[in-house]
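Please go over the structures that come below.
In the two complexes below, chain A is the common chain; its partner is chain B in one and chain C in the other.
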Partner chain A sequence: MLILLLILVPFIGGLASFLFGEKMAYAWAVFTSLLTLAIAGTAYYFYSQATHTTDLSFDCPWIESIGSTFSLSMSDGLSVLMIGLTGLLFPCVFISMQNKQPERKHVFYGLMLLAQAGLIGVFLAKDALLFYLFWEVALIPVYFLSSMYGGPNRIPVTFKFFVYTFVGSLVMLVALLIIYNHTPVHSFSWDAFVSVGRSLPEADQSWLFWMLFIAFAIKMPVFPFHTWQPDAYEQSATPVTVVLSAIMVKMGLFAVVRWLLPIIPLGSIHWMNVVLLLCIIGVVYASCMAMVQTNIKRLIAYSSIAHIGLMCAAIFSYSNNLLGVQGAYIQMFNHGINIMGLWILVSIVENRLGTQDLREMGGIAKIAPRFTIALVLISLANIALPLTNGFVGEFMMLNGLFNSISTYRMVFTIIAGLGVILSAVYTLGMIQKVAYGELNEKTASMKDLTMNEWIILLVIMGIILFLGFYPNALMLLVDTP
Partner chain B sequence: MLNLVWLVPLFPLIGFIITGLGRNHLGKASGWIASLAILASFVVSALIFIELKTLPEDIAEHTTGSHVVHLFNFINTHAMQIAFDFQIDALSSIFLLVITGIGFLIHIYSISYMSHDEGFGKFFAYLNLFVFSMLLLVLGANYLILFIGWEGVGLCSYLLIGFWYKNIAYTDAAKKAFIMNRIGDLGFLIGMFLLYSKCNALDFKSIENMMPTLMNDPSYITAVALCFFIGATGKSAQIPLFTWLPDAMAGPTPVSALIHAATMVTAGVYMIARSNFLYSVAPIAQQVILIIGLATALLAATIATQQNDIKKVLAYSTVSQLGFMFMALGVGAYTAAIFHVITHAFFKALLFLGSGSVIHAVDGEQDIRNMGGLKKYMKITYITFFIGCIAIAGIPPLSGFFSKDEIMMHIFTHGTNGKIFWILGMLAAMMTAYYMFRLLFITFHGTYRGKGHPHESPALMTMPLIVLAALSIVGGFIGIPEVFGGHHALNAFLEPILLKSQALQTSIYELSHQNEILLMGVAVFIACIGITMAWFGFKKYNAADTTKGIAKFAEDKWYIDELYDKVIVKPLFGISKWIEKIIEKAGIDGIVNGVGRLIQVGSTKIRLLQSGLVGFYLFMFVLGIILLFALQMWLVKF
Partner chain C sequence: MNAIVLSGIWGVVMMFAGLFLKSSKQIQWTALLGIIALLVVSILDYQAHSVQAQTYFGMMTIDVYTSWFSILITACCAMYLLIFHKDIAAVGKNEAEYFALIFFVMCGVYLLASYSNLLILFLGIEILSIPQYILAGSDKENIKSNEASLKYFLMGAFSTGLLLMGMTLIYGATGSFDITSEKFVGQFEQLSSMSSLSFVGILLLLISFGFKVSAAPLHLWTPDVYDGSPTAFTPFMATIVKVSVFVAFIRLFHFSFGNVSDAWQIAIASMIVLTLIIGNVTAVYQQSLKRMMAYSSIAQAGFMLFSIFAVNSTLAYKGILLYSVVYSLASIGVFAVIIKMKDYTYDGFNGLAKKQPVLAFTATVCLLSLVGIPLTGGFFAKYFVLSAVVEQGKYIWIVVFAVLMAAISAYYYFRVIRSMYFKTGEAAMHTEPTTWDKTLLILNAMIILLLGVLPSLVFG
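And then the complex of A and B:
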């Protein structure tokens, strides 16, 4: 039952928010998200102690005629990590928004909570049809959020984002139905998909692979399916961008791990080098793009594309002992934490200075020391400095890539390693342009962090340092013998 | 005491937390708290050193005398096990003493030097964080923990170079230092991946034990050794990654003394000495190190002879001296390299702090053309600076003479080309004497050319100068060669660690005592020539000359910065901008938007079919059936 609550609480909470109206909306949203976090925490506790395992899965008949069940399960460390990230992220975002409330609050928070329900569903679903349902449920509220809140150019950008991801979803649905048609007793269950998928001939697997991969690649996004992202991040309201970049892109990676590699194993290995190549190009390409951005949101968007590229490459590295995959799992969590921190900082800068243009910033280290400390630390985590949470994941991913079964593993690792250098170039450049130098007219009136912002960023920085010093805390979750 | 080694980095960490949190409230106290933290570390380090020295042979593990202290599991999965372990042995304990000892003196000095700075508390927090990272670096029992400290000191260097963040040039220098170090770090990372892929471990002991099997694949060993060396070129400012160090002088002078002279930049030397088991069986890598070290020593020395910024001269001198250390590593003379690290830490810290004292006296002026005659105004600074100069020039019996001489002896007897390397090395040594005394004469002799009234620095600044000057004088006595009846205490202390690698290569020089004395005589004579040239050139310096020709070339640092800018930085940004414009916006996005538009246009056309005329629909319906029939007939036919 517990696992069902994980979805029901934000879902019902979101619906209720529409009814409750504007006055209560903020408090209600914070309450609901904290409640969800508490449930997620309990679920984590049960998982780590291996007790109450029955609470961690849920099965009931759904659409029996076509063999689909409402099947949820928190079966591995990756889903625990993703649930933890989703649970943690929403209250943090909500609390950081206290000073700058959106219009029509009940709609905003309602949609956010619905998106959370959808995201949690994606990470728990053990039934292909259910998975598809949640995949779309997560997308639709975000689509509304991006089109209603955000920059002046948001409508066409959201449309592009929607078409991009929707095309991907449709192709994915077709692929899932094709696999479904092969099941001996028609079933959408994950286990049935795995057993039928791996028995398909390599020729079939090789095109089914692309149908699924393109859907996931658009979501992540992997080069060259990425052009929706910088626009969407730039134009969306920052809280929405946080959801997009910290969790929604992880849906793509998660789906690869859960719904692609085990189901289409031969196809995945067959196309491994092509995927790796795309990912590696993406790392360098996006890093180069990030270097020349003058808009801080676009810079972080490209930085995120570069990081995701490395994670995807690590997942496809097929290194011995799962080194790369485990690094990617850890990084999926840590990247979520770090990018959330960065976006919160960006929204603070944007709200107070009224600009996203890096050229108009500068000098605020003097008048906003707390902000600068948070900016420097979180940026350093973003470039994977040791003793921050970003390091171990990146180390394991690159190491995994180096020990990949791919023939070109060395070249791939060295090129991907250039990301280590380039990330320092654009991230330190960003710190310099935002915080250092002399104040100008725009930045002279910058106020330092308020208490609620400071608390949230302290939580984030605490996680960064704790997991930096003691990464083994996460290792226990992702380690499978 | 050995099991309490974690106390050594813990004190600076606590100091960092206290001074960091209290940076706005503690005032001047933060300087003393930070210094106290380092002093506490120094005391523990000294106790560890004493214990290690008196450790009975049978207790010392495997006779290498190294002691591993397990703290916690850093990474522990089926794929990878890496422990957060500290390794304490002769090599790390020497570095502990140097780091905390000199670190303490520089902290004390900084209390006075930085007293008027508004970032006083922050400065000491960073300085403590640096010492913490540096201690992690030398204590780590595996390459990953070493790497944590390695990048940690890079971060502190970044923060401290850009300490005065309002000046964009300074933050540019900080950024440059970090990025150049990162280039090296990528080499380091790949070295670790290479090691891990075969050894499934990263700790020094396991890898050392695996060497007999790894040696069957010399190209693999060479690749690993060269990858780590790339890391070392970044951190220790060797060709081609040395250009960040002179720019790093943007930081406060105590930082230059501690980080960019005495400790951090020697991390590369430490790392290679620590990996001696690897390098001793990788002769090609050693040859590369020797050549790079020599080239760096020469190049930096030529540049140093033409600089007019007091700190820039010292910076290039540091690069050059690091080149000497790498030359020693290149011929497998690890003890000599460590010896030079120690003595160099003494006299270069002294020289930097002395230059800080000078800068303090002349209100922040750094151009030596605007100084002169300062010996009248600041006696202690002058005398100590003079001691530093003769120490670095290699005049016996000061410390620099012994360590540099030991390196040169090893080079002289190394292989067939050893004598050529020796001659070139001596050329660099002559330039060292020349540029140091040029600096001394221009700064302290002649008449004062600047404005204001120079004054001697307060006791808090001169005390560390005196202590370091004393160390620069006597520091060489830890390694008196046999020819003078000494028995080289440092060599005896470090020997257990180097046993295995020394067995593998015959680098211990064998020179008759007569020849050794002769070579020493030549070395001293060459140093004296350098000093004399400086004396005649600059005893009455008037700052009117302009440089031209080769000198101008050296003054402009061989245009290497400009070269990197033209060949790497500008093209990288240019290509990125081009890609954004052509491929990203017009290409990929253009295709996507094009497809979108095509669908839009297409659908407006298709929409026309839905006219609402029943007759038209009927017509289409019939047409469709006819087509189907036709298709069926066509199919049947085949």
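And then the complex of A and C:
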């Protein structure tokens, strides 16, 4: 039952937020998200102690006539990590927003909580139809959020994002239906899909692969399906961008691990090199784009494409020692934490200075030391410097890529390694432009972090350093793939 | 059977009500009473027939499926009348007659659901169509309404002619109108022994059917008729009438012509492709919401055609039931908001969410359902009809094509949501919704959401 609460609490909390009205909205949202975090924490505890395992899965018949069950399960380290990330992210974002509240708060927080319910559902679903349902349901609140809050150009940009992902997921639905029809006793369960998917002939797998992969690639996004992403990140309100970039894009990676590689193994190996090539192109291309951006949100958006590209490449590396996949799991969590920290910092800069343009910033280090400490540390984690959380995952991913079964593994690893260097170039460049240099009219009046922001960023920095020193905490979770 | 009788009788009652009842309120209440009675009677019919199918006069066979469909469609019609009864009465002076015509249409609907003889099919189609010609032209002083009526009548008469011609040819080949008779069944056992007369007959029936459900390339009357008719009647024509024609023809094509599906499947496939592409692409370019909904009803018919295309699949039967209910309720919900507005263009909806949050919310649920977003009934409706085709193993490409068209449909449905929620404007109202209106619309939206979680509720 515990696992059901993970979805029900934010879902009901979100619906209630619409009814409660504006006054209560903020307190209610923080309360609900903390409650969700507490449940996620309990679930993590149960999982790590291997007790109360019945609480970590839920099954009940849903639409029996077509063999679909309402089946949720928290059965592996990856779903634990993703639930942890989702649980952690929403209270952090909410608390960091205390100073600048959006208009019509109850709508904003209600939609955010509904999005959280959908996202958690994606990470828990063990039934293909249920997975598809949550996959779409998570999108709708985000569509409304991005369209209602954000930059002047937000409506068409969000619509582009919506259409991209909607087309992808519809094609995915057809692929799921085709696999479903091959199951001997028609069933949507994950186990049935895995056993029937493996036995499909390679010719079928090779086109089913693309029907599924395109949906996931659009969500991640992998080059060349990424064109919606920088615009959407730039135009959405920053709290929404956090949800998009820290969790929603992980849905794509998660879906590859859960719903593509085990179900279409031959197809995945067949197209491995193509996918790796796209990922690596994405890493280099996005890094180069990030270097020339003058808008801070676009810069981080491109940096996100580069990181996701490397994670996707590691997942597809098929290294003999599994290091690549495990590294990607760890990085999915760590990247979520780091990018959340970066976005919170960006929203602070944006709210105080009223600009996203890097050229109008500078010198903040002199007047806002706390802010600068947080910016530097989180940026270094984004570069994956040793002793920050980013390092372990990145090291394992590159190692995995190097040990890949791909014929071109050397080339891929070297070029991907280039991406690490480039990430240092643009991230350090960003620190320099924001924090150092001379103060100007706009930045001179910048206030340092308020208490609530400082607490959230301290939590994030604490996680970064803790996992940098003691990555074993994550390694234990992903050890058994 | 009792529902058929009662709907006919109540039509006559309504005509007399116009003579004896002076106040419009009383007439509306009589109509509502009638539809509730009809609902009760069809539930009783269902209980009577749930054990075993019964044949009446060798003309009609009422079985579980038929009587269950009758309940569902009556419930949809009740929802339509509850939401629109005031608007129907406001169309013109002869309000009692409009309600009478609606009850006659319902009589046709029940006949179509239960025929086992081609003559009853013809009778049903005619009883269904003729009142509609009148309803389309009921706004007598409006030239567009007159045009709609005339156009509908001329084109409808033409398609009726083709229907009769098709039946005659099939009669010539089989020597029987009874679709359960040995002669009839024997003729369509396999393609090689089928006479060429039947082949042409099937195609003519198909054309006439395509006309009635506004499948391209026989859809040209639809936008003008739906746009020109009084807004109170458009949802009735686009939903309840249209889906019952589907249920009528799915019986004929699956039970009787199922074994010779090679003869007509290609024709249906090309109809599907054309309908989806013309319906969806043209809808994108509309500026008036009423016209957009007309094209949307063409596009949705394209999806419903899949249930006919997927021969002898139980999923197809379930799918068309669910699609009928969900599509009807969703369209009714959207039209209920349209009719409250002064300006039917997209710009007329700007800022509706701030002014009337309930209307905007219920319209959004209905629109999401029409797109086919999960958690609304529309998702499972599309799911069932499409998976019926996937189940057959071939023709996957047409399913992929259909989902891409569904993505196009997202464009014009979401455009309404954009106007309502993200743009600022006046959103001038024609009539202010009462609390009762809002309650009904919320109930309607809740049913759609409920069917999005538990679609098996409509399978009976």
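FYI, the second predicted complex is superposed on the first by the 480 of 481 C-alpha atoms of A that agree within 3 Å, B and C clash if a C-alpha of one lies under 4 Å from a C-alpha of the other, contacts with A are read in each partner's own complex, and residues count from 1 in each chain.
Note that in this section a contact is a pair of C-beta atoms (placed from the backbone, for glycine too) under 8 Å apart; a residue touches a chain by one contact, two chains touch by 3 or more.
These numbers come from a predicted model, not from an experiment.
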item	value
When chain B and chain C are modelled together on chain A, clash or fit	clash
Which superposed partner A:V163 touches (first chain B, second chain C, both, neither)	both
Partner chain(s) touched by A:V194 [first = chain B, second = chain C, both, neither]	neither
Partner chain in contact with A:I140 - chain B first, chain C second, else both or neither	second
Which of chain B and chain C A:I455 touches, first, second, both or neither	neither
Which of chain B and chain C A:N181 touches, first, second, both or neither	second
Partner chain in contact with A:L34 - chain B first, chain C second, else both or neither	neither
Contacts of A:M24 with chain B and chain C, given as first, second, both or neither	neither
Contacts of A:L8 with chain B and chain C, given as first, second, both or neither	neither
When the two complexes are fitted on chain A, the stretch of chain C hitting chain B, from 4-12, 22-30, 220-228 or 238-246	220-228
Chain C-contacting residues of chain A that also contact chain B	163
Complex contact set, residues of chain B against chain A	72-80, 144, 147-148, 151-152, 155, 158, 162, 165-166, 168, 171-172, 174-175, 178-179, 182-183, 185-186, 189-190, 192-194, 196-197, 572-573, 575-577, 579-580, 584, 588-589, 592-593, 596
Residues of chain A that touch chain C when the two form their complex	63-66, 132-133, 136-137, 140, 144, 147-148, 155, 159, 162-163, 166-167, 170-171, 173-174, 177-178, 180-181
Parts of chain A lying in touch with chain B, wherever the complex brings them together	160, 163-164, 224, 226-228, 285, 288-289, 291-292, 319-323, 326, 363, 365-366, 380, 385-387, 391-392, 395-396, 398-400, 402-403, 413-414, 417-418, 420-421, 424-425, 428-429, 432, 435-438, 470-472, 475, 478-481
Of all residues in chain C, those that touch chain A in their complex	315, 318, 368, 373-375, 379-380, 383, 386-387, 390-391, 393, 396, 399-400, 403-404, 406-407, 410-411, 414, 418, 421-422, 454-456, 459
